[in-house]
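Chain lettering (A, B, C, D, E and F) follows the sequence in which the chains are written, and residue indices restart at 1 in each chain.
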Amino acid sequence: MILTDFLQWGGMNTAPEARYDLLTVGETLLRLSPPGQQRLDQARLFEIAVGGSELNVGCMLARLGRRVAWVSRLPAGPLGRIVDGEARRHGVDTRWVRWIESARLGLMFYEPGPEPRTSRVIYDRKYSAASELGFEDAPWEVLVQASAWVHLSGITPALGPSCRALVLQLAALTAAAGKPVSYDLNYRATLTSLAEARAVLEAIAPHLHLLVLAERDAQSVLGFTEAGENLATAIAARYGVPLVALSRPPDAEPGTLLLAHSEFRYVPRYAVDVVDRIGAGDSLVAGLIHGLLDGNSDLAIRFGAFAAAIGLATPGDINYLGPEDVARFHANTIGGLER
Amino acid sequence: MILTDFLQWGGMNTAPEARYDLLTVGETLLRLSPPGQQRLDQARLFEIAVGGSELNVGCMLARLGRRVAWVSRLPAGPLGRIVDGEARRHGVDTRWVRWIESARLGLMFYEPGPEPRTSRVIYDRKYSAASELGFEDAPWEVLVQASAWVHLSGITPALGPSCRALVLQLAALTAAAGKPVSYDLNYRATLTSLAEARAVLEAIAPHLHLLVLAERDAQSVLGFTEAGENLATAIAARYGVPLVALSRPPDAEPGTLLLAHSEFRYVPRYAVDVVDRIGAGDSLVAGLIHGLLDGNSDLAIRFGAFAAAIGLATPGDINYLGPEDVARFHANTIGGLER
Amino acid sequence: MILTDFLQWGGMNTAPEARYDLLTVGETLLRLSPPGQQRLDQARLFEIAVGGSELNVGCMLARLGRRVAWVSRLPAGPLGRIVDGEARRHGVDTRWVRWIESARLGLMFYEPGPEPRTSRVIYDRKYSAASELGFEDAPWEVLVQASAWVHLSGITPALGPSCRALVLQLAALTAAAGKPVSYDLNYRATLTSLAEARAVLEAIAPHLHLLVLAERDAQSVLGFTEAGENLATAIAARYGVPLVALSRPPDAEPGTLLLAHSEFRYVPRYAVDVVDRIGAGDSLVAGLIHGLLDGNSDLAIRFGAFAAAIGLATPGDINYLGPEDVARFHANTIGGLER
Amino acid sequence: MILTDFLQWGGMNTAPEARYDLLTVGETLLRLSPPGQQRLDQARLFEIAVGGSELNVGCMLARLGRRVAWVSRLPAGPLGRIVDGEARRHGVDTRWVRWIESARLGLMFYEPGPEPRTSRVIYDRKYSAASELGFEDAPWEVLVQASAWVHLSGITPALGPSCRALVLQLAALTAAAGKPVSYDLNYRATLTSLAEARAVLEAIAPHLHLLVLAERDAQSVLGFTEAGENLATAIAARYGVPLVALSRPPDAEPGTLLLAHSEFRYVPRYAVDVVDRIGAGDSLVAGLIHGLLDGNSDLAIRFGAFAAAIGLATPGDINYLGPEDVARFHANTIGGLER
Amino acid sequence: MILTDFLQWGGMNTAPEARYDLLTVGETLLRLSPPGQQRLDQARLFEIAVGGSELNVGCMLARLGRRVAWVSRLPAGPLGRIVDGEARRHGVDTRWVRWIESARLGLMFYEPGPEPRTSRVIYDRKYSAASELGFEDAPWEVLVQASAWVHLSGITPALGPSCRALVLQLAALTAAAGKPVSYDLNYRATLTSLAEARAVLEAIAPHLHLLVLAERDAQSVLGFTEAGENLATAIAARYGVPLVALSRPPDAEPGTLLLAHSEFRYVPRYAVDVVDRIGAGDSLVAGLIHGLLDGNSDLAIRFGAFAAAIGLATPGDINYLGPEDVARFHANTIGGLER
Amino acid sequence: MILTDFLQWGGMNTAPEARYDLLTVGETLLRLSPPGQQRLDQARLFEIAVGGSELNVGCMLARLGRRVAWVSRLPAGPLGRIVDGEARRHGVDTRWVRWIESARLGLMFYEPGPEPRTSRVIYDRKYSAASELGFEDAPWEVLVQASAWVHLSGITPALGPSCRALVLQLAALTAAAGKPVSYDLNYRATLTSLAEARAVLEAIAPHLHLLVLAERDAQSVLGFTEAGENLATAIAARYGVPLVALSRPPDAEPGTLLLAHSEFRYVPRYAVDVVDRIGAGDSLVAGLIHGLLDGNSDLAIRFGAFAAAIGLATPGDINYLGPEDVARFHANTIGGLER
């Protein structure tokens, strides 16, 4: 009885089957990048950050007040604690992380690319603790039971066979429990092949509620020849996914769009001073889930596009969006100087 | 006799009643801001600067060789010395500052806002030493007597009742001494209300030689419905102020303008790489006063607009404009690479 | 049933009446300090950290795997999030923090003091959100019920009347529930008077299980004339506190000591390269509680002294002690180079 | 015999008369610049770099795998070693540098100039070790014999009489040996006069294979009144130089062009986020020589323009272009995000 | 009359013949040093400071509330403004500085030397603006008339013939006006010879009130064979200087001492965490003058030794001593932690 | 003939069989460490350096003017170029490095350990490019032929089987060529076992001219029970190595010693302000080889101990010792302040 009361004060006054708004799983990397537009071999200092597609999504949602659990493997020791601490700082529940002795942490080196330089990520993530994530790492059935939404990314199955199996099992499990699963295709040529990425998608598609992908990847990985609305329609048709969010090239018209149950949602383009190219897609996903958790697909895509723009204008992978930004979004007072 | 000679070498060969080109009064804050476009809660370092509307004006004028006195209250100790030292570094005479034991220094936290983020200032200035500035803090009659121009800002009366009384008394005193008074409306919603800001302006207007304000504030605070030239004319008419400088929205045509004794002065727009949004208005004011001290209202507005553009392209509140910039302004060789 | 299982996976397989190992309450400040031994008015950058006596204790215990809840008030917005994020990063549960709109965050400016300079803290904490903490801010009865230990500090009652009342009520409540209360005298001349500090101690003493204080404060605040063992004995006798931990001057012999149920525990002195003088006392307290939670008063004082030494050799208020340090402590392999 | 083999492994399997792809000579300065768009008198830190027109060219070519020798004078001691170390880091052979006791190193202070500020270089290079470079400093005949190309700049003859004599003798010597000489006019008003710069060009022109100059300098220094193609043709005609590369104002159409043996080569303009204005011209020269060493004048100008654009987007004088950039150039995959 | 009043408010209520407490003259350098114990050729950033023996003395005295004028030559432009701004920041009156177009600023590169490395200064000050300081640069007669004390250093006469003549003329002029002159021998082997340094001292000695020198220099430059008290007595006797302050090797007993009118004053040694080795001697001089201006030779040497110790524990040449330190000195509460 | 001359100018006037003074081989890591005594999980920036035992030795020798070749494998790309550039900057010939596509660079994370913290290195070097170094990577026979000395370390054989085979073959090859081989035992518990380290030493010992090891490792790895002189004698006897250098615990008496052909050489202890604990042993080795190349074993050990002390007082692995230090060593003017 005392316990029941307790849960109610702590903001946990929801039914036990929905302790988390979001459950996600995947690898998070230590991100090292030179300051001030330097090239990697020019730097004498690296700025330290952390990033991983799923955790990026989770952190933004936690910042918006959602209860998020992230499952992963981290090496025991101070490097793993950098990642864990950053996740917790944003409010993500990391209690399900498994700490592995003598393991290594995946790394990414990010070199910014003011035009006409190329922004570049060098991954050093092979043999990492997280690359051996598997179904044995967490009590998935209960976690799924306790969660309102499960988010997965195409990066995880590309990390290794146990990761691949985990993602597919988890999607199936979640769908079987009647919970929505979102999947970001997130094709990375350095991690997997076109064929494998497509095979994974085809295996997972039947379980998906929301598929997010770039038009470019839809064409190269999945072999579609359409673009824009036609492409979204074709994807939804081929894979039977109720919601398809499509990010499009910078100058495409319309831009990012959402096909939700056969209806299109469009978003305005934001003028953006690009500060950091990494993580914008994850902000889009987080914004989509944030809206969809409230059952509002129009808000979902509009807020997702806003969050992605803020993410591009913010250093690092993780979007430090806060309640003030949400208030400005709703009040339509974005930009300018506030004092 | 020796003393007289002394004053003449030291660049003080002016009549005793004009020891200062400018007298100003107001609060100056310690400004803390994250480097490299970070958000406030993302930072691990704050860059330290100082800023306050009136001191910003004073520092720029002192850098141009004007003799400037700034009166304020500062907390005794190292934090107060940061402000005092910065003022003196630019050549501002701080001997009239009152040092208060056990007082606090006002602070501002500035978060830069690359688009579509919002540039934001969080003030933490309540209960500061300067918020209790009052008429007892300096020998105002003699100081006014010794000064060629007095500049005031609408921020000061918003700090508290003694500040408000001081500003009104000082304006009256200066006008009575036949000296010009300038006033920057500087409306800050977090410090005062529309009604109060308007009431202060109405009380001070009869004493003003120059009123500087943003078109936006003229409309919201003073209730005007006009814009551009019509607005300037209406302001000058309603308040009987000889000179009205109006800063206008980024894309308005014409831009910043000066109505001087019923004649309009326009300025070119500068292409600006915005580095820091704070202090540009103060640079405009300083440029205006610089020209008007020489009796040249055309130079005043042109130089003011140039200084404001340089200020936007410079980190910090205070405009590090120097004689080289003035030379480039006059030689019309702004921009490019000089070596 | 599912819920019960859930709590057991998450490392919460304890009885409901002991959800937290430690409950603590108090103000946490943003700490700003110049890098590289600079003086405050010499700096151009401030390093950002956070610190507050009780949260420092809580963070160290959370890093050691203890479940810690910290209750406080924070201003809504990014500055409050800096504090909250740091607490969460170390694993402290901040869900009971109250977020106050338009409030200010307490600040401290720390100037390091290599000899013969003086290390100095300038507090700017008056009127802070936390200075109005009160009994209405949390469901104390249930929280105490859910906690194994409550830690309080003499700083909190010095912040204002509602804080003082809260501390006394909370101590009484905890003692009544049969739970141990620890209290760090933590005398701060800039916050309170000798008489007030003594009055608070006298009011709270009957409820205490552990009293931690500096010999210097025992003499100046409480008026004792003894030193060392005699002083500890006299304190325990006068106030009837079962455990008294006394920190002593750098060159005293013996050093820090614990009088536990009439038995003395001594500790070795560590050679320390002092990096940061703030927070060492809080590390001592955290170490004491860590040992006492396991019922081992010998471990308590030895680990406390070790943690204090590590704290002095670590930048910032918060002790980044980790499991590796604990392993070295137990293996007696402190210091040197490990690779 | 062993020796011969040895030279072949080391990537030196070229005929002895061509040990270096490029021989160059000139002064290199320590470059000090404020971070983050600060003005010079606003800074509290200077970023350290090195730069000198000829060494900038040499470093970029060495990064592309060319064997480069750079001859200069440096002061013995750590400041000279900063320059030497940077040159060697990029692969430039510095064994021919003469180390001078008690000499000074030339300096440049660079202030960035976001619009409408002026980017500015303040030289402090008078009386430097390198300003007394002369023909006695190296075994020029053998070095020329061992090199495939010699590059000179108009800066060197402006440093002093011995430098001027050296440049002219070296050009003559190289031409007499049948090797190509390139010359970048590089007019610096603070180092020389229009008349002197023109006189030097006229003396050196008969020996040149490639002349690189800005349209602006062709007009002011050499007195031409033409522009674009006509100007290039006129220069080639007046001075009898087989190849003329002309850099043109930012908005000119066409942009940078190369007149090679009466044929024009044009380049596309790149969209550039300007990070640092210094050294772009040197990158153009390096790119030209890189292509011309392979006998490909079309590649030369296209790669030169690409390298110049990359240089503008990179901090510092020296272009950290690497093989990855070359690959992207050839694959036409410049810009974007690669991961 | 108004003017008279005016001077009295501004803290200038002294007789006109004593407008300055201290007049000093000399070169000030831009000081560049690597952070964090790096070697010069290891650094990628230089920390910027300014330093010059006489200005160091002047800044410390100005920080203590003394009115200080410093005369020098500075190059027009931002580099000169760094020096001027730093002097003004501490309260030194720089109105008598002459600004020279196209001149260079003297530089010093400081490499810290944790044991057993050698702390090292590389001067690059030849041909600087200040090296041509001369009697024509200021109205010396009136300045001396307006000053209570004149301080000179042996560095200035070593900079060039006009500097040497200036120092001698100024000492004679001051002595003739009945004002005290202090002289710090400050021998620098890289600037002058033993013989020249000795010749200058012999020429200036008849005019001196206070001579400050290191025991080591007294022996090597002036040829004394005594040490400690005997040495001070011998110096005073040979040169007829009323006050001789002698700094002695780190482990000598007694340490720094003052022979004042045949009476010895001793000081305690301070335990010092050495942060920066430059400027401690200047702090000693400033402390001496501070005490002697009040006619207290005992305070003079005790405060001088304290200031020197604080200087060693502070980064940079200039001693950021403030009123808080003075209060701690008088209250005998040096060191420790204050909060 | 021209070629012969050429080699003679370039400082290569030695016989072809001795083109390098030192040939060495091994892995070099990117070293990432937090600034300012922070703990690893406290940092937001990592300082970038490079280090590897053999390259550390090579860099110091190259700085002393020795011709050094270092052979390794590096990943193609900017991370590999950081290592390569640092090596070249110090003058090490890196032309024999093999660049491997898609490989990873070994990393080390260094956490400083002011007492009583533990200085700690976390290696992340498994699967690195260099861990697969093998005999096929360079023309060893000719390289040995061209070198005067070969240096190896016990770290390399611990990296993998091909590395182990390489080290043994190279030692045998060198000894067969009559050239001296030095070997630093360098036991690393995280890379290998006691048994393996001992087995490798036993296999390589017959080929060694100089064996360097720590007393602690001699006891734990090789099973000796002696200490000091007796230990050195026992090692030399058991393994038949002509020269044995033994580094001893900080407080042992005597300290580091060299047993050279049955004669002992001792060194003074230096007082050291420890700045960085890594690389001191490599400096000892480099100093030894430097002296032994000149046939002076007394100089060897004295210079080695000096270099090790300088290394401890210098940030980073690589010792930035320069000719000025060597001059001070010979002039016996170490420490103090030089200006």
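Everything that follows uses one rule, which is that a contact is a pair of C-beta atoms (placed from the backbone, for glycine too) under 8 Å apart; a residue touches a chain by one contact, two chains touch by 3 or more.
No experiment lies behind these values; they were computed from the predicted model shown.
Colleague: Once the contact rule is applied, which chains count as partners of both chain A and chain E?
Modeller: Output, common partners of chain A and chain E: B, C, D, F.
Colleague: If more than half of the interface residue numbers appear on both sides, call it same; otherwise different. Which is it for chain A and chain B?
Modeller: different
Colleague: Superimpose the Cα atoms of chain B on the matching ones in chain F and note the rotation angle, 0 to 180, in steps of 5 degrees.
Modeller: Going from chain B to chain F via C-alpha fit gives 180 degrees.
Colleague: List the centre-to-centre spacing of chain E and chain F in whole Å, with centres computed as mean CA coordinates.
Modeller: The computed centroid separation for chain E versus chain F comes out at 46 Å.
Colleague: Calculate how many whole Å lie between the centre of chain A and the centre of chain C, each centre taken as the average of the chain's C-alpha atoms.
Modeller: 38
Colleague: In chain F, what residues contact two or more other chains?
Modeller: Residues 36, 39, 41, 44, 77-78, 81, 85, 322, 324 of chain F each touch two or more of the other chains.
Colleague: In their complex, what parts of chain F are in touch with chain A?
Modeller: The contact residues of chain F facing chain A are 32, 39-41, 43-48, 77-79, 81-82, 85, 104-105, 107, 109, 111, 122, 124, 126-127.
Colleague: Under the definition above, what is the set of chain C residues touching chain E in their complex?
Modeller: Touch residues, chain C against chain E: 36-39, 41-42, 113-121, 123, 188, 190, 277-278.
Colleague: Under the touch definition given earlier, write down the residues of chain C that touch chain A in their complex.
Modeller: 2-3, 5-6, 9-11, 16-17, 19, 76-78, 81, 85-86, 88-91, 95-96, 139, 142, 145-146, 322-324
Colleague: Tell me, which parts of chain C touch chain F in their complex?
Modeller: So the residues of chain C touching chain F come out as 35-36, 270-273, 275, 306, 309-310, 313-316, 320, 322, 324-325, 328, 333-339.
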